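Letters are used for the chains, namely A, B, C, D and E, taken in the order the chains are written, and counting of residues starts over at 1 for each.
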Amino acid sequence: MIKRSFFGFTTPRIQYLPMPGQVTTPAPLKRPDNVTLLVPCPAGDVDDKLVQIGDHVKSGQKISLTSAPGAYGIASLSGTLSAIDRFPGEAGREYTAVTITAAEAETLDNAFEDRSEPTLENAAAFLACAPGAPSFEPFTEPDKPIHTIIVNGMDQDLLVMTAQYTLAFRMADIQAGIKFLKAVTGVENIVLATPRDAMHGYGEIGASVMTMDATYPSGLPKLIAQKVLEKEIPNGKSFQDMGVCFFTAEAVASIGRAFSDRQIPFEKTITFIDKQGNRSLISARIGTPIADILKEYQVSLEEKDRIIIGGPMTGHSIFSTQYPVQPFTDAILLQDHGDIALTSDYPCINCGDCVRMCPARIQVNLLVRFLEAGFYEEAAEAYDLSACLECGICSYVCVSKIPIFQYIRLAKHELGRVASEETATEEATDE
Amino acid sequence: MNSQKKLIVSHAPFLHIGSGITERNLHIIYAALPALLLGGLFRFGIPAIGVVCLSVSTAMLWELLMNRAMKRPVSVGDGNAALIGLLLAMLLPATAPWWLVITGTFVAIVIGKQIFGGIGGNAFNPVALSVAILMVSWKDYFDFNGMLMNYDPDFIMAYPLATLKNFGVSGIEQYSISDFLLGRQSGGIGATFGIGLLLGGAYLIMRGFIRWEISIAYLAGVFVTALLFNLTDPTRYADPFFHIFTGYTLIGAFFLATEDSSSPVNFIPMLIYGAAGGLMTILIRNIGAYIDGTVLAILVINLINPLLDKIRPKAMGKVV
Amino acid sequence: MGDYILLAISCILINNILLAQFLGNCPFLGTSKKMETAVGMSMAVVFVLVLAGVITWMLNTFILQKFGLEYLRTIAFILVIASLVQFVEMFLKKSIPALYAGLGIFLPLITTNCAVMGACLINVNEEYTFMQALVASFAYAVGFGLALILFAGVRERILLARVPKPLQDTSIALVTAGILSLTFFAFKGMV
Amino acid sequence: MREMIKMIVVLTVLSSFSGGLLAAVRNKTIDRIEVQQLTFVKGPAIQAILEGASNDPIVDRFKLEYEGGEASFFVGVFNGEPAKIAFESAGKGFGGEIGLMVGVDIKADKIIGVGVTTHSETPGVGSKAQTDPSFTKQFQDMDLMSTFQVKTDGGQIDIITGATITSRGVAIGVTQAGALYKSLKPQIEAKLKEFK
Amino acid sequence: MAKSIAQEFTKGLWEEIPPFRLVLGLCPVLAVTKTVENGIGMGLATTFVLVCSNILVSSLRKVIPGKVRIACFIIIIATFVTVVELVMQAFTYPLFLKLGIFIPLIVVNCVVLGRSEAFAFKNGVVRSLADGLGIGIGFTLALAALGAVRELFGNGTLTIWETPIQIFGPAFQPFTFMVEAPGAFICLGLMLCLMNLVSSK
């Protein structure tokens, strides 16, 4: 990728790569033998009156695991429920994995047809697992009203082109989506954030267009929100607190498609990057095991290779090829064991490269010393841990190859855990 | 969820820009070579080669011994010990006796670097620290006039700064800046060849291995302070160019003040840091007790570095 | 005036009470781990040292010397300093509680601080005039504060470095103090 | 109240004990301390100046009062005669007072030697007045009654490089010694007669 | 809890040896250890004050009211310090000159005040004597050791009593840094490290 240039006195600019010209439509993957839906609720809570192994489901059918409003998945395959398992997700989150084994024939569910009035209730009840994972939760908090919706046409990470594709080829869906979003949420101020070089006539789309720099990390939501709001978001404030809310371009396109076709979409557009760095777009059913994609593309994995969900700067690597495609899986990146960037045990030598590059103006050289020593509170108080955008640039440039980004995520995670424990004990003592 | 092949699970980012500590140290060593080879070894001959070899080898040896003693991974291979040994040798006279060199590398590696936790932990530049300690103990070796007996060159071999200190400005009229630039002066093994040091410095700045703000601010500090002194009394205080091209000024600006771990990384602190170093250097030379103030001046700015670090830009979204 | 400035510079930088005269090392090492305590201690020392320097000078000149009691100097000085600190503590507690909150815990430490007693003895040994004693006391205290604050800055850095186990804390602090003291050699000969 | 009284009593008793002990020790040591001070502070200079004396000049000393002070004179016996004396003077130097010991031959009023006893001059610069004999040697065999000035001030004394103020201080100190000597000469001679 | 008298004595020689274990009384340690002789002299003077004040404080501990105990300690200590001052002036004047103001400063040496407060005020006379003697001798040993290292490298000699003994021969150019102020700090720091190493084994 971008290696250090010969002339080192200027800071390197990390550019988002534009989509190659020959890409037009994502290649559809053949129908999988089984899919696994990850539903955000602990496996212990599953209500077996609602769902049981052996149940038959149709494609597009809503599978509720409990009576709670969010605990559902949308079947992306017609067949039989063959397993309901605990699934430990990232950052300690608990999921339930619902596996569907394919039946011979593909039948479509029509429950959504009756509920396809564009209302907030319908959208929240059926679309949360659509490709792009639109979330309608922010609109349910009356004391923190949303006044601006940002449609994110920027890919979150380098090499990814899912959003670029959506902008370039699914503009009609986006346009419809924007129309339905207004109806669903009642918010009139909608901003579409696009890369600078994607600036060609969109015509009247019902949203204002904001062009972003094509330099990483300008596509991170916080930077987009700041540009839209024309001010910095104070640390500790959420987007919700600031009255903004994000939808990815693909999520908006899904909303548009769902309400116009009266059918919930379940084909996810994925940027697939192979070990040689060739990028292609695929369209796969949500829940498809990654193994199926590898098989179709005839990828052979070696010992110690890496599969990364998301892009190279912010993605998560996974330990199993059975991991399914999720509604927010924009990219799958394969990395050869030979290309893996090693981290090291060296201390920070204070070269300052990270400080020069950090978009959040954090003194990373000092911060990292506190994180290494495990002084998370000091790091947060004195060295602006909370300002971090989690872009990963500091780790990317670090001369000592310190896993700074990992330290940062760990520290935030720990601080969050401590804080929630504290509130829990406080509540307990209050009662 | 079993998999046949063992995949690597690690953390983002999954790319790296490709820089590294070993590479960095090697490039600094390359940058030092013109001044060392053409200015030092060529001019001062076999004894200088001896000092350099002894210094580099013993520095690496101390590093290895300390790695072993502290039961840490062996870090000799990263080149930092070699670099420290090399820079130390460049500041020593060619006539330095073997025990002076060994004591010097001991102080630099063990006291200056390893007991602070190795690379990156030192709050003071190990080379400057070592030379300062040697200078306090064995002053005579650092007025470089002890070398007079061993060489018979076609230029003036008396150490310019010592001449300035002892005889004032009238004593230094015999010297010319072009001689200094060509390395036709007395001084540390690698500190005499002005053009070589400028080339090395330019290389380091261009490649981004040092932060140019520090070097430039340091040289500007030297220049302005020397000029002010010179303007108040030209018969007592030498002109700024003399100060820039003699003694340790250039090697200090490019190779000592810029040492990573003991210098600031933000723009304004770097300027203050460099300028304060230049100011102290000239103060010591003009009104202080020592002949050349560079190494002590660098220790002084190392000392204020933690305070300078408190001057920093407001982080994004910081609430005050 | 110029003489006083030279005296002050010399007492702050060249004859720095901590780094060159070796006085007040226990609080130097004890209160330098954190910048906050270092600043608190520095202020407390400035406060007490100036008062003590002036009072002991007067005690020495107007009483001890007059009556040929110089041999009682040690006992007289320590009693004066101890009562002074008590008095200052009480006074601050009553009238400037905000300042007391900041300096309070440092005041008792100062009673048994060589820097205060030492500076008073130096004033007398050097046979300073009243003004000289005043300037020198203040300058010594400023020098103490300067060294302490610089030291605290460096120590906060070192705290996070991978210092080997047996060297941690006091041991590495002493080595650092040595380098600090070497650094002050830079000012030699400037006055 | 009882406690208060007890506190006062204890403190008073302790203080009196302390005062008593110290006074006793002080009385026992006072003479020895003076001898020790003379021996170690001024002794080296006196010994150097009165070298070859057959007595111990520190033991054979006397004091004379003059306007505004008191001075000690150390007697050196040569060939059975108390022919030479050494006494103190002082000049203002760079770092403070420079204590001087001036030796004089009574008969000729000639300086036999000058030595620096105490000083706080810069080491390596002004301190040469004490450590480098070639400076103080200049005074030897000069007439003590004359005025001494450094060459910078138009006088006869070569300065120590870089230490004009120190040199000037010594010259003034020696000049003052001459003045003192002049004013006390009669008494000195009387004392020396007694000494025999 | 109950230590024998001998243990009270020996604890000062290693377990609680100042200034290594109790990081107190650093100023004289750093200032006067240019030679072994200075170190021993300072150590003995401190020991004298320590022993005398310990004895007096412990014998008066029932009489001294708690409120004014610090004042009483200070009077007692200051008295003995003055005694040492006078005696040293009378008998070992050159040493007194070298130790300078650090003799009167024994009065603020926390080791001394600390022992009065922490030990003598709570223990009997014999125990306090053993404690004072042990701590004092430990302190003397530490000062002598530091003095020896600094003098050996910094001057190439060892001075036990008045005349320096040449160790390295005349060709040796001494490492004078060691007898300068910074050398004192660094040397003490490294000795402390050594001490930590030994006792962690």
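What we mean here is this: a contact is a pair of C-beta atoms (placed from the backbone, for glycine too) under 8 Å apart; a residue touches a chain by one contact, two chains touch by 3 or more.
Quantities reported herein were computed from a predicted structural model and do not represent experimental measurements.
S.K.: What chains do chain B and chain C have as common neighbours?
M.R.: Both chain B and chain C are touched by A, E, going by the contact rule given at the top.
S.K.: By number of C-beta pairs in contact, which chain pair leads?
M.R.: The largest set of C-beta contacts joins the chains A-B.
S.K.: With centres defined as the mean C-alpha position, give me the chain A-chain D separation in Å.
M.R.: Spacing between the chain centres: roughly 91 Å.
S.K.: For chain C versus chain E, what separation do you get between their C-alpha means, in angstrom?
M.R.: 22
S.K.: For chain B and chain E, let me know how many angstrom lie between their CA-based centres, rounded off.
M.R.: So the centroids are 41 Å from each other.
S.K.: How far is the middle of chain A from the middle of chain E, if each middle is the mean of its Cα atoms, in Å?
M.R.: So the centre of chain A lies 68 Å away from the centre of chain E.
S.K.: Send over the residues of chain E in touch with two or more other chains.
M.R.: As it turns out, chain E has residues touching two or more other chains at 71, 75, 78-79, 82, 86, 182, 186, 193.
S.K.: Can you list the residues of chain A that touch 2 or more other chains?
M.R.: As it turns out, chain A has residues touching two or more other chains at 347.
S.K.: Scan chain C for residues touching two or more other chains and write them down.
M.R.: 71-72, 75, 161-162, 167, 172, 175-176, 179-180, 182, 185, 189
S.K.: On the basis of the stated criterion, which chains touch which? Give every pair.
M.R.: In this structure, the chains touch in these pairs: A-B, A-C, B-C, B-E, C-D, C-E, D-E.
S.K.: Over in the complex, which chain A residues touch chain B? Could you list them?
M.R.: 1-4, 6-10, 12, 158, 232-237, 301-308, 310, 312-323, 333, 335, 337, 340-343, 345-353, 355-356, 359-363, 365-366, 384, 386-387, 389, 392-393, 395-401, 403, 405-406, 409
S.K.: Which residues, counting only chain E, touch chain B once they are in their complex?
M.R.: Residues 173-178, 180, 182, 186, 193 of chain E touch chain B in their complex.
S.K.: What part of chain B is in contact with chain A in the complex they form?
M.R.: For chain B paired with chain A, touching residues are 1-3, 5-21, 24, 73, 78, 117-121, 205-209, 211-212, 260-263, 265-266, 309, 312-319.
S.K.: Could you pull out which chain D residues touch chain C in their complex?
M.R.: Listed in rising order, the residues of chain D that touch chain C are 18, 22, 26, 96-97, 120, 122.
S.K.: If you look only at chain C, which of its residues touch chain B in the complex?
M.R.: By the definition above, chain C touches chain B via 149-150, 153-154, 156-158, 161-164, 167, 172, 175-176, 179-180, 182-183, 185-190.
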